[in-house]
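Below, chain A partners chain B and then partners chain C, in two separate complexes.
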Partner chain A sequence: MTALPPPSAKKLGLVIDLDTCVGCHACVTACKGWNDQGYGAPLSDMEAYGSAPCGTFLNRVHSYEVQPEDAAPQIINFPRSCLHCDNAPCVTVCPTGASYKRAEDGIVLVNESACIGCGLCAWACPYGARELDAEAGVMKKCTLCVDRIYNDNLPEEDRVPACVRTCPTGARHFGDLGDPDSAVSRLVAERGGYDLMPEMETKPVNKYLPPRKKGAVEASPLAPLLDVQATGFAGWLDRLLEKF
Partner chain B sequence: MHPAPSVVLFTVLSGMGFGLLALLGLGAAQPHGLAAFLHWGLGYGLAVGGLMASTFHLGNPQRALRAFTQWRTSWLSREGWAAVLTLLMLAPVALAAILGAVLPPFFGATGAVMALLTVYCTAMIYAQLRTVPRWNHWITPVLFLLFALTGGAILTGRSGFGVIMAILLGVALYWSFRRGDGAFAAKGATIGTATGLGALGEVRQFAPPHTGGNYLMKEMIYHVGRKHVSRLRIVAILCASLLPAAILLFVPPLPWVLAVAAAIHLVGAFAARWLFFAEAEHVVGLYYDAR
Partner chain C sequence: MGYQQPELDTSPKVSDEVRKTTCYMCACRCGINVHLTSGKVSYIEGNRDHPINKGVLCAKGASGIMQVTAPSRLRAPLRRVGPRGSGAFEEISWDEALGLAVRWLAPLRAKAPEKLAFFTGRDQSQSFTSYWAQAFGTPNYAAHGGFCSVNMAAAGIYTMGGAFWEFGQPDWDRTKLFILFGVAEDHDSNPIKIGLGKLKARGARVIGVNPVRSGYNAVADDWYGITPGTDGLLILSLIHELLKAGKIDLDYLARWTNAPCLIEEAEGEEKGLMLRDILGKPLVVDRLSGNLVPFDTPGIRPDIAAVRNGNRTVFQHMAERYLAPDYAPEAVAERCGIDAGRIRALAAEIAHAAFDEPVVLDRPWTDFRGERHERMIGRPVTFHAMRGISAHSNGFQTARALHVLQILLGSVETPGGFRFKPPYPKPAFAHPTPHSYFMPGRPLDGPHLGFPHGPEHLALKLDDQTPARIDKGFTWENPLSAHGLMHMVIPNAHAGDPYRIDTLMLYMANMSWNSSMNTAAVMAMLTDKDEDGEYKIPRIIYSDAYASEMVAYADLILPDTTYLERHDCISLLDRPICEADHAADAIRWPVTEPDRDVRGFQSVLVDLAGRLGLPPFVTKEGKPRYRDYADYIVNHERRPGVGPLMGFRGDGTAVGRGAPNPAQIERYIENGGFFQAEVPEGAAFFKPWNAAYQDWAVAMGFYDQPQPYIFQLYAEPMRRFQLAAEGYHERQPPDRLRDRIKATMDPLPIWYPPFGDEVGAEYPLHALTQRPMAMYHSWGSQNAWLRQIHGMNPLYVPTKVWEAHGFAEDDWARVTSPNGEITVPVAHMAALNENTVWTWNAIGKRKGTWALSPDAPEATEGFLLNHLISELLPEKGDGQRWLNSDPITGQAAWFDLRVRIEKVEAQAEAQPAFGPIPSPVPPAKRNRP
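What follows is the complex of A and B.
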């Protein structure tokens, strides 16, 4: 049923640290690698070795340049994927009931065997989180690796989304954002995590942590050691040589 | 938004078809025998043909029947129901007219209301989308309904009603173009709010996430042909509204005159509907620094 369930107590989602992300695209690769072979239709590529390759991905990493008024410009790498919104417009527009939000943990999923590929859910999403697979004709989106996070066959450290597991800088965090005491919720509170495009009233679960404020370059702690003053005989020689 | 030919065809033809069915249901024209067969046949042909065209853009059209299940929440599902109910409810009225019998006007009137509801549902599929500020407004259903009623009035030869509808359509088109141009900015979504980095300073794209295209860019970032926008707007208003209104006003409603008026109206309707999609900007373009 494409009616949204009442807000769940448990809200699984991601917290993405824009201060730490280096834009290596490892999360993109890990996501495609994992979701290519398990849950639902594989993520197809069209003309993968041709002149205009094009394919389905559930996660994309943009790079932006921000120019503050009074400081040097900054490069910020920006991973973009499904935000598993509480008020998900992609769910209610679906005519077949294929697009749904789970009542137990808030994950937004697509039942591919009911999807007719009309694309309306992708139109309804402000974040570009959904891509219609050109080969299978069904809508693909981030599943929060639902086939990993509850998978008892995997070692415990692997029971997180593939993108989180692979991130070499620890810029991606996974957890329950409905629990105010969870590690991710505390992180959001400490670092001022925010919603993307709040004016769209989608109430995203995923949060983004802003880049930390970059102040002026601090003096090195070793700086005093460099300021060597010669004393005694060396000092006398120093002063003497200055005179020539 | 990408103006997919199947969707432009569908919305224009089925809109005109349901408009014609609504006016026939209301008894705007009361043909008998062969004339009734031609009138009702044209209405059914346009409506059903348009609905068939709409399935061409589906990834898995063989599952289209599932689209009837979610009428509680989805405008697309409601449209499917309204369309089928209209075609079923007006079938006895059409048969009676062809066979020379007369049904109480209640049957035709309820079918007509259903036909207009179908057009309203079609329009709401677009008007409900916050992500496309140009569409997200009450003018969208008003435009779709005026297109349907103008087309129906021309095809049934109701000159007086047709002139009023055509002129209202022209005014609505003009106003929707003007309002639409400022709609995106008025919504307040910028690359700054999309990334949340706007508070730090001016944001611009440094490197795109992929060097090739993707579904999002093909479907939602469309700017080919926007350079002809102002000319196409004139074509839309002139052909959809002003010329048909003039013909209905000054030329006696002979069948061939009505056919010419309908053809001119269709040219305008296609231009307007192409613009409806091609000019619509989706907020996802902000991430790509492109609209």
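What follows is the complex of A and C.
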């Protein structure tokens, strides 16, 4: 119902390193803090101090347990936000044109003044990356901090999304994934970055870097200097001091 | 619809102003940029220039705006008008509140200063609060270290002059193998996350040794799911393997440790002490001359294998002990829950990283013996550990074992290894000894807390040798209790053992809830009356910024400000914010003014000190010396020229030493709220022995003359307590403790089963807690944003137990310990030691507190494990109170807890449930914004 622009050369997005994310939620609240006073309506918290607090977040971290057959169980921390898909179903489903993808950099946004809060886009998004704000009645989603990344009022080094700026482990990277030579594209190439749910054919711009293989390394066992129990302490000490 | 795109302003104004101050959500104390719009705080982000966080900020820090606007903020001083615990208060003026406090405190100071017990919790101004208590004259002061991680800190100080976190850190840029021990999700925050990020970016290897594989352990490349309380045994087994293979740094041990020092073997009062010269310097044999010489003699090569008159070196004692088959991997595997092959593999991995891949820097340096070294050679293996291994009754010895392992590898203070942060390294002898001598109307004879070197430094009354302190710190029960025993203050005051007190003053310490063992019993102690109808603890003064559970149990509430409304200093006299390459300190300042009738507690203490006429806080004429805490920060001098802040002293250019500068705080504000001084490049490693570092430290005012020292693999102060237990000291322990002192105060690290294990097979599971990263240390929970991340806490149950009990999703369980039972929701977790259950700590809240609605999940499903833990061990039938604490330091042994579990019907609420407390603040607005 809403058209996508022609594919842009510049594709701004995030690269999220699942080998490094410790699940600290810093990105979650930094995002909430910036966007509560940034683009569009504030991110409300219903029953903020009540029995079922329910607030709007543009970015959440989920922790999953995996139990490989040949290795010990593991926890994977998985940050989730809009992936700014090239083939964004949340845009094409929008009845009013409120949901749109920017022609110049590929960022997917909601024009809140045109949003009627019907929620179709949230249903269409296979990643669950959109949340309808209960107070404002408009759809909320990651803006890639479009009001930071081009903002002349911020020092140049701060012109990155709030989640990237705050991430203590440096697990979040921002850049142009349309440029094969960008730092983020190189990182994706080096570390085997992948698309989330490619079978949905949404062509997400954001990429995830997989956890590295875990487990023991091949190390040759330590060779005793000699059999201490057989030769006694004095023999061991003599052998040790020969090394000195 | 065709393509359309609205106009968008991508350069909106960010805020009216940015004010830079220091976060207070945990002990990391990161720099923050506080944005203000129309006079209100609108956004908080990390300060890129700040030495600790370099711009990043954690989930708590970024939610700070919810702290400043929290509906739970107290509004005015309160006086209790109903029974204690009822929550009935009236608001009073500050004049009334301070007048009341003076009416209570002045007579105590005049007649019995020990009857004031002043203990602080999440206090970040301990050098000030302790100074105040010292001026008052009470021996009863400490902060929360005794129930937190004193084992780690004290073991590090006694062994090498510092431990982890604010004392030191891995060389993140060069280390190749990083091993995390213990429940480390919550200790510490941004610095360790930044460090892990650096390791991950380089592809360096991270190993987690932890019963729970969450948080930092989740990103570790390998995981050892150890049985709680057995870390020390694993470490000693690693030492066994490394020694057996000769994979230790002999040159390092000979030069920089007491490995070559000779130990007296002859029976008698000197047995086990070091041989010393007439000046008291430990003696070594010089391999070059064969002479017996002081350890610091220029030009010598100390011999780690020497024998003189039958006296052997520390190294020989160590090797003999740890080479014994008791420490072989096969002998410890079952107990630790780790296969012998895995232990061997870990030892091999450590040895490979340390000795096959040394880090070499071409930086010449000169050691304290005057020898010049052309290069710095380092062992790139590092460790980090905190409460997980230290909150056990064997935690001190376990922490000692870990520090000794690092030293045997030669990694401490070498490139790629563990690095101290100034003003550390600082050995035990350079710290004060404890002081506890009190007299009416007089200040205490010195600082309360310190490091005893023998029984002569215990805090025992000179006349009858009974404990001088209400917490029985520095007594035979726990001689090296360097941080006091906060968890014993209320039980001892209630029992009148060792004596009754009059007033308990607490700051930021939630003792009627999550900060106490045995929560329900503590509530009963706080409200218990004697036969005259008086409370057994007659008066309680409490300062807090928020409507915490403790508020209802106090008689007088002094409402504190939030962290953005106050002055503070993060001082080198205290727990500073230095990094390995620089000394640093910082301030907080009121970036926004309170909209309530509240005052910063430190300023209130300055005011009270003036009213009480405490000597250092009043002039000779008896007038208050300081206007408020900010005035104290600027003008107080602990030693001539050395004050709370090191930067901008004197005319504004002096660093470390210099006269007070009235413009100092303004200069800190201009500088982003902090000051840092770089460690010279040639002084960056080998700090305890590096002449360049020692000289820099003196210039900075850390100490007044160079104080090089050698690491204490063998801890002689511990041997002095053993000697006393053997009968060789004029101060003698009670007979009931004699054998325990002999057994536990071993001067070389040992492992013994945690006392909690004595309950046996009836309680087959271990039970642990940790704070989630998004709430770790954070005061003022439940923050509106963070409580949406962690609003309730299930008990996580490992697969074997889950299946054996037939648990399913949404089930509940009864969990029983020797101290009681709780009924709680359970959840399955496979990445968990098979005999361990755990939960998040301090999510559970009491109904009516923190301005939460009474049906908040924190108050219904949230629960505390504290109900299962007692401050005392189960009765042994000998009529004695045996503490559930480490017998060396008195650290609360939270993680010794053993439980059994059974499936029960789903409940409406977690049990035990307590009645609601009337809130001292109005109900919160329903929605935000």
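What we mean here is this: the second predicted complex is superposed on the first by the 216 of 244 C-alpha atoms of A that agree within 3 Å, B and C clash if a C-alpha of one lies under 4 Å from a C-alpha of the other, contacts with A are read in each partner's own complex, and residues count from 1 in each chain.
Note that a residue touches a chain if its C-beta (ideal position, glycine included) is under 8 Å from a C-beta of that chain, and two chains touch if they have at least 3 such contacts.
This one's a predicted model, so the numbers in the text were calculated from it and none came from an experiment.
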| item | value |
| --- | --- |
| Partner chain in contact with A:Y194 - chain B first, chain C second, else both or neither | first |
| Which superposed partner A:G55 touches (first chain B, second chain C, both, neither) | both |
| If touched residues of chain A are counted for chain B and for chain C, the larger one | C |
| First, second, both or neither for A:G33, with chain B first and chain C second | second |
| Chain B versus chain C as contact partner of A:Q229, first or second or both or neither | second |
| Partner chain in contact with A:T2 - chain B first, chain C second, else both or neither | both |
| Partner chain in contact with A:C118 - chain B first, chain C second, else both or neither | first |
| Which superposed partner A:G97 touches (first chain B, second chain C, both, neither) | both |
| Touched partner set for A:A171, first chain B, second chain C, both or neither | second |
| On chain A, positions contacted by chain B and by chain C | 1-3, 23, 28, 52-55, 57, 63, 65, 67, 73-76, 97, 114, 211 |
| Contacting residues of chain A [partner chain B, same complex] | 1-3, 18, 23, 28, 52-57, 60-69, 71, 73-76, 78, 80, 89, 92-98, 114-120, 122-128, 131-134, 136-139, 194-201, 208, 210-211 |
| Chain A partner contacts - residues on chain B that touch it in the complex | 1, 57-61, 63-64, 66-70, 72-77, 80, 125, 128-132, 187-189, 191, 193-197, 199-210, 212-216, 219-220, 282-284, 287-288 |
| Residues of chain C touching chain A in the complex | 1-6, 8-14, 37, 42-46, 48, 53, 55-63, 65, 71, 189-190, 193-194, 196-198, 200-201, 203, 205, 213-216, 218-223, 225, 241-242, 244-247, 250-251, 305, 316, 319-320, 323, 325, 342, 344-345, 347-349, 351-352, 773-774, 782, 784-789, 791, 829-832, 850-853, 855-857, 860, 924-929 |
| Residues of chain A that touch chain C when the two form their complex | 1-5, 17, 19-26, 28-30, 32-34, 36-38, 42, 44-55, 57, 63, 65, 67, 72-77, 97, 100, 102-103, 109, 111, 113-114, 135, 146-147, 149-154, 157-158, 162, 165-171, 211-212, 214-217, 219-225, 228-229, 233, 236-237, 239-241, 243-244 |
